[in-house]
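Should a chain be cited, it is by its letter among A, B, C and D, assigned in written order, with residues numbered from 1 in that chain.
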Amino acid sequence: MEHQTSDRKDDHIDIILREDVETSGTGFSDVQLLHEALPELHQDHIDTSVEFCGQDLTAPVIIESMTGGHPNTTKINRSLAKAAQRTGIAMGVGSQRAGLENPDNDELMESFTVVRDVAPDAFIYGNIGAAQLSEYGVSGVEQAVSMIDADALAIHLNFLQEAAQPEGDTDARGCLEQISIIASDLSVPVIVKETGNGISEETASQLTAAGVDVLDVAGKGGTTWSGIEAYRARAAGANRHAKIGKRFQSWGIPTAVSTARAAAVHPCVVASGGVRSGLDIAKAIALGACAGGMAKPFLQPATTGADAVVDLIEDTIAEIRTAMFVSGAVSVDALQETDYAVVGRTKEFLEQF
Amino acid sequence: MEHQTSDRKDDHIDIILREDVETSGTGFSDVQLLHEALPELHQDHIDTSVEFCGQDLTAPVIIESMTGGHPNTTKINRSLAKAAQRTGIAMGVGSQRAGLENPDNDELMESFTVVRDVAPDAFIYGNIGAAQLSEYGVSGVEQAVSMIDADALAIHLNFLQEAAQPEGDTDARGCLEQISIIASDLSVPVIVKETGNGISEETASQLTAAGVDVLDVAGKGGTTWSGIEAYRARAAGANRHAKIGKRFQSWGIPTAVSTARAAAVHPCVVASGGVRSGLDIAKAIALGACAGGMAKPFLQPATTGADAVVDLIEDTIAEIRTAMFVSGAVSVDALQETDYAVVGRTKEFLEQF
Amino acid sequence: MEHQTSDRKDDHIDIILREDVETSGTGFSDVQLLHEALPELHQDHIDTSVEFCGQDLTAPVIIESMTGGHPNTTKINRSLAKAAQRTGIAMGVGSQRAGLENPDNDELMESFTVVRDVAPDAFIYGNIGAAQLSEYGVSGVEQAVSMIDADALAIHLNFLQEAAQPEGDTDARGCLEQISIIASDLSVPVIVKETGNGISEETASQLTAAGVDVLDVAGKGGTTWSGIEAYRARAAGANRHAKIGKRFQSWGIPTAVSTARAAAVHPCVVASGGVRSGLDIAKAIALGACAGGMAKPFLQPATTGADAVVDLIEDTIAEIRTAMFVSGAVSVDALQETDYAVVGRTKEFLEQF
Amino acid sequence: MEHQTSDRKDDHIDIILREDVETSGTGFSDVQLLHEALPELHQDHIDTSVEFCGQDLTAPVIIESMTGGHPNTTKINRSLAKAAQRTGIAMGVGSQRAGLENPDNDELMESFTVVRDVAPDAFIYGNIGAAQLSEYGVSGVEQAVSMIDADALAIHLNFLQEAAQPEGDTDARGCLEQISIIASDLSVPVIVKETGNGISEETASQLTAAGVDVLDVAGKGGTTWSGIEAYRARAAGANRHAKIGKRFQSWGIPTAVSTARAAAVHPCVVASGGVRSGLDIAKAIALGACAGGMAKPFLQPATTGADAVVDLIEDTIAEIRTAMFVSGAVSVDALQETDYAVVGRTKEFLEQF
C-alpha cells in the first residue's frame, strides 16, 4: 500500500509531463480589466506584497501543492523550494501521505524535508487529503506539519479523482466535521483546496463556518485529474474508470466563477486551476482573490532547476505589476477594487452559480 | 401492406447503422451541474434506483423503443432484453404494428415475444403509433400488451416522420382523444413518446390532463427520423419527400429544453433524443426528468450481443453514479434538486418556449 | 440612356448567375418554431391559401420582381409567368423603366408583355423605381400597369444600389410624397419594396400612413445589390464605387428583424431577401408576415423552363405545408399565431431595432 | 539619448510596416446602423463637414499622430500633410520629443517642419507625451506648437507601451495635473489621446474636468504598441519585456466601447484604434464621436506619396457619405442621432464599463 501511494505519485508526474491533461474554460478570457490611461503612479512604487496567513509574501503568487513522496521528486521539490526562498512567495508540497506511511524511508522522506532545508524562510505548506483526516487525527496531521516545519497545512478535496481511480477512496462522509476539528486544533493555519473542479459558494460558506483560514478553489480549466486518471486506468485495463475519467474531464466550476463566488463568502481565497499568467492572477484578484496559484506551469521548469522556476515566478510577478500599473492599482488591495467586465458564458455562470 | 410495415422496419435499421442520421443540439452541453467538493457521502451508498410506473428500476436508464416486426430484428431484441433483465432497467420494443397485422407469422412474432422470453422480470413496454389507436381500439391495443406481457405501453407521436414519408399517414386528428381513452381503459400504464422532435409544455399539459402516466420527450439532437426518411425517399425516387426530410432534419425542441418544460407540468418525464451518456442523463434529471432513455447508442451493441449491451448500460450507470457523487446527491430524488446553470442558446430557448 | 437601362439589366442577370452575390445573416437560423407533437389535424386539410391585395393565392409564395427590359430576359419571364399561372402564386416583373422608355421596341416590350400572355389568371405585379415616380407621374405609372395588365404595382427602394453605381441616381427627395400620391391615385394596389437592405419600423410606419397596400421588406441576407454593383463598377474601372459596393455588401436590416418590425405596424408584409426555403417562409409568417418572396432562387430554374420553376414552387409549398402540419397550424392565419423563439444576434437586434 | 528617441521612431515604423502588429476586437462589427430605405435627401447635398477645435474640416476624418523625428520620416510626413491640405482634413505629427531635444539638427527638424510647409491651411496638430510635460513646462510645449505652427496639440498617454519597453518611462504621477496646466495655459486647443488601449469613462470625466478640448480614445483593436515593443524587446534580448508585450497585446478597452463611454461625458471625442473604414467612422459617430482617426492605414500609402494618401482619404469620405445617405443623415450632427444596435460582447462591455 505504501509503495502504491508513492508509485502513483511518480505515474502522475510522468503523465502530466508527457500527455495533454489540461482542460480549458477557466473563464479568465471572459474577464477584462478596465484600462486606466492615467494611472497617476510610478510603476516602481507598486507594492505587490500580500499578507498570507499572517505572513508577508512579496507577491500574490503561489506554487501549488504538487509533489514529494517518491525519491524521484526530490529534485523537483528542491527547485521549487529554492525558488520560493529566493523570490519570497509561498509553496505547497504534494500529499504527505507517503511520508506519513513511511517515516523510516529516508530517501522518500527527503523528497519532503528538502523543501524546508533549502527554503528556511519561505512560506511552506503541507498537504493531506480530506479523506485521510479521520485516520490520522490531529496528532497525525501535526506530524505532516512538523515533517516540513510547515507554515500552514492544505487539506485537499479530490473526490472526482478518487471516483475515477479503480483503487479510489470514495468515502466522503464526515470530511467537513474533520476539517472543522483540524481547523480549530492544528498549530498552523488551514487551507482547504480542491484539485481542479472548484468550490461552490455554498461549500465555501460551510468551510468558512468551519473556521478554515484559506480557500484555494482549484477550479476547472487547468490540470484535469479525471483526465490523468483516465490514462492510468486505461494502462491498467480498467476501461470503465478510463471512460469515467474522460467523460468528466471538463466537469467542474470554471476557476473564474468559483473564485468570485468563494470570495463573496471568505476573506482569503486563492484562485487556481488553469491560472497561466500574471494577467490571469490580476483578473482573479479583481474578482476577489487574495492570490493566484499555479501547479502544472511550474513542473517542467522544476525538472530543470531553481533558476528556471525563479524565471517563471519573476515573469509572473512582472505581469501582475504591469496589470496593476495599467489598472492604476498601487497595491493588491487596490487591485481588488479595480473595475472589470465579465462577458459570455462566464457571465451566465456567475449569474446562476 | 403487412410486408410494407415489416420491410420498412428493416430499411430503417440498415440506414441507422450505415448512415449519419444523428443531428445535434440537444442543449445538454449548455447545461452544467454544480460541482460539490464536499459530497459528505460514500459513493457506494448512492442509490440510483427509481420507481417507474410503480415498479423499481435499478437505475434511471431506459432502452428506448426500437425494433421488432421483422425476423432480422429478433437478435437485436434478444440482446436488449437479456441486458435489461441482467441490469434491472426498462426496455421498450419497437412499433408492434407488424405484429398486430401478422399474428400468424411466427418468425415475425418471435421478434417481439423473444423479449419477454429472455427477460421475465425486466420492465418491458409495448409500442404503437398514435395514428393507429382509433383503428385498433382498446382491445387491439391490449393485444399489443399481451403479445409481450408488457408492463406499460408507449404510444408514439411521429408526425414529422410521417410527413417525410411518401406513404406516410398524416392524419393526426383525434389523437389526444384516443390517447385519453387508452390511458383510462388500458390494463397497464401509458407512456406517450415523441421520436426525435420533442414535446412542448402546452402539449405536455394536454397529455397530463389526458391521464398519461409517463411523457418521453424524445427531443431534437439525436436520431433524426426526417433525416432517415430522406434516405429512403431518395432511394425510392421521391425527391420532394427527400428534400422535406433533409430540410426538417433539425426541426424540433432541443431535448434539454423539452425535458425542463415537460417536467414543469408532469411528474414523470423521460428525457431522450440525443442522450449519449450517463452525464447527459444526470443533467436531464437535474432539469426535472425521472429517467433518461437512449435508442441508437444501443443498436450497434445489440447486433453484437447482450454482453455488449450490458457493458454500455453499466458504463452509463457508473457515470450517473459519478455525477451523483460529485453533485453530492445520494438519490435520484436528491439529484433532481441539485443546482445547475443553463447558458447560451439553450437558456434563450428555455426563456421563450 | 435607354440602352443603358436595358443593358444594365442584362449585366445584372449575368453577374447574379455567375458570381457569388449572396450575403448571409437573414436571421432565420436564429428563429425556431415550436414543434407540435400532436397537431390534431390532417395534413391534407391544411389550407395554405392567402388573400393578397384582395385576390387569392394558393400559397404565401411570391416570385419577387426580377427582370424584363431586354430581349434576353423574355425567356426567363415566360418561364416564371407560366409557373405562376400553373401554381396560382404571385409574380412580379423587374423594373419597367426600359419598357416605359422604349415603348416602340417590340422585342424589348415582349419581355414584359409575355408575362400576361402566358399567365392570364395569375397575380402579376409591375415594378418601378421610387426615384422615377416624379418623372412619370400617375399617368406614366398607369402605363406600367397596363403594359402587363398588372394586378398591383411594386415601387422599389434601392438607394444603396444607386449609391454604389457610378451612374446611380441618388436623389431620394420627395419619394414618400410621390409614393403617397401613387398609393391614393393608382388604379391598382401599391406594394413598396426594398431590394436587399430592409425596411425599418419607422419607415414602415410612414409607408403605412402613406396608404401603401403591401410592404415587401427585402432585407439583408440574400442577393446583395451593392455586391453586384461592385462587380460592374470594377469592370468599368470605377474603383471607388467598387470599394463602396464591397464595403456595404452586408449593410442592412436582417430580413427576419425587418419582417417582425414592419409587421408590427402594417397588416400585409412580404418577407424577402435571402428567403431560401418554405421553412424560412413559415418562420417569416410566424414573425408576422403574410407571405414570403424569393428572387434569386428562381433565376436559374427560369433559364431552364417553366417546369423547373413549378418544381421549386411546389417544393416550397410542400415545405410550408409540412411546417404548418408540425406546428399544428391549419391555415396561414393560424401559422401567424404559432409560438416561436428568437435567439442570438437576431434577438438582440429585435430588442434594439 | 537624443539618438535613442530618434532611432526608436525608425524601428517602430519598420516593425509596423513589416510585421503583423494589429490586434482585433474594436467592437465595430458588433455595431450596426439602421438602414433607412427612404432617406428623403439627395446624396450630393450631404454635408460631411465638421467643426473641430473651432475650425472646419471637410469631413470627420483624422490622420492620427504618427511620425517625424528621424530624417527617414520626412517623406512620410510630406505625403500625409499634402494630402491633408488637398482634402481639408486634420493631421497629427508624431511625438515631437526628438525635435525638442535636437533643435539644431536640420535634417531631423525638417521631418516635422515639412508638414506646415506643404500644408499651409490644413488643421495640423503637434504631439508630446504626457510623461514629458513636467520636464518641458508650458513654454517647452509652446515650442512644439510653434515648430509646426500647430492648430492644436495632442498629449499622448501610452503607459502600457512604456511598461513594455526595457527603457520605458513608467512614472505616471502628476500627469493629470500637468495636462490641466497645459490645457488652461497653452495658446492652442489641447487633445488628449491614448495610443491603442482606450480611455475609460471615469478618466474621460477627469480629463473633461481638466479642460481638455478633445479626447481621442485610441482604443483596443488596431495597432498594438505592446505588440510592437515585444518585437523590439526580443531583438534586444529583453525577454521579460518581450513576454509582457505579447501578454498585453490585446489589453485595453475596445474602441467602440471607449468611444461611447467617453462621448457620454465629453462633447468632442475622436474614435481611433483599429478604425479601418469610413463605415467604422460612421458607426463611431453614431456612438457619439465627432470624428474618426486612423494611423496605420495611412502609413503604407504615405511611403508611396500624397496621391495614394488622398485616394484613401477620398475612399473613406465616400464611405462615410454613403453610410450617411442610407442612414438618412444629411449632416454629421444628424448621423450622431441615427439609430443603431449593439450586440454580442460589445453590448456586454457597454453595460459594464
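Note that in this section a residue touches a chain if its C-beta (ideal position, glycine included) is under 8 Å from a C-beta of that chain, and two chains touch if they have at least 3 such contacts.
Note that the structure is predicted; figures quoted are calculated from it, not measured.
Colleague: How big is the rotation, 0 to 180°, that puts the C-alpha atoms of chain C on those of chain D, in steps of 5?
Modeller: That pair's rotation angle lands at 90 degrees.
Colleague: How far is the middle of chain A from the middle of chain B, if each middle is the mean of its Cα atoms, in Å?
Modeller: Distance between chain centres, rounded to whole Å: 44 Å.
Colleague: Take the average of all CA coordinates in chain B, do the same for chain D, and state the distance between these two points in whole angstrom.
Modeller: Distance between chain centres: 62 Å.
Colleague: Mind pulling the residue numbers of chain C that touch at least two other chains?
Modeller: Nothing qualifies.
Colleague: Just say which it is for the chain contacts: an open line, a closed ring, a star, complete, or other.
Modeller: The chain contacts form a single closed ring, each chain touching exactly two others.
Colleague: With touch defined as at the start, can you tell me which chain A residues reach chain B in the complex?
Modeller: Where chain A meets chain B, its residues are 130, 157, 159-160, 163-164, 170-176, 194, 197-200, 203, 206-207, 220, 240, 243-244, 247-248, 251-253, 345, 348-349, 352-353.
Colleague: Sort out for me which residues of chain D touch chain C in the complex.
Modeller: Counting only chain D, the residues touching chain C are 32-44, 277-279, 314-315, 318-319, 322-323, 325-326, 339-344, 347.
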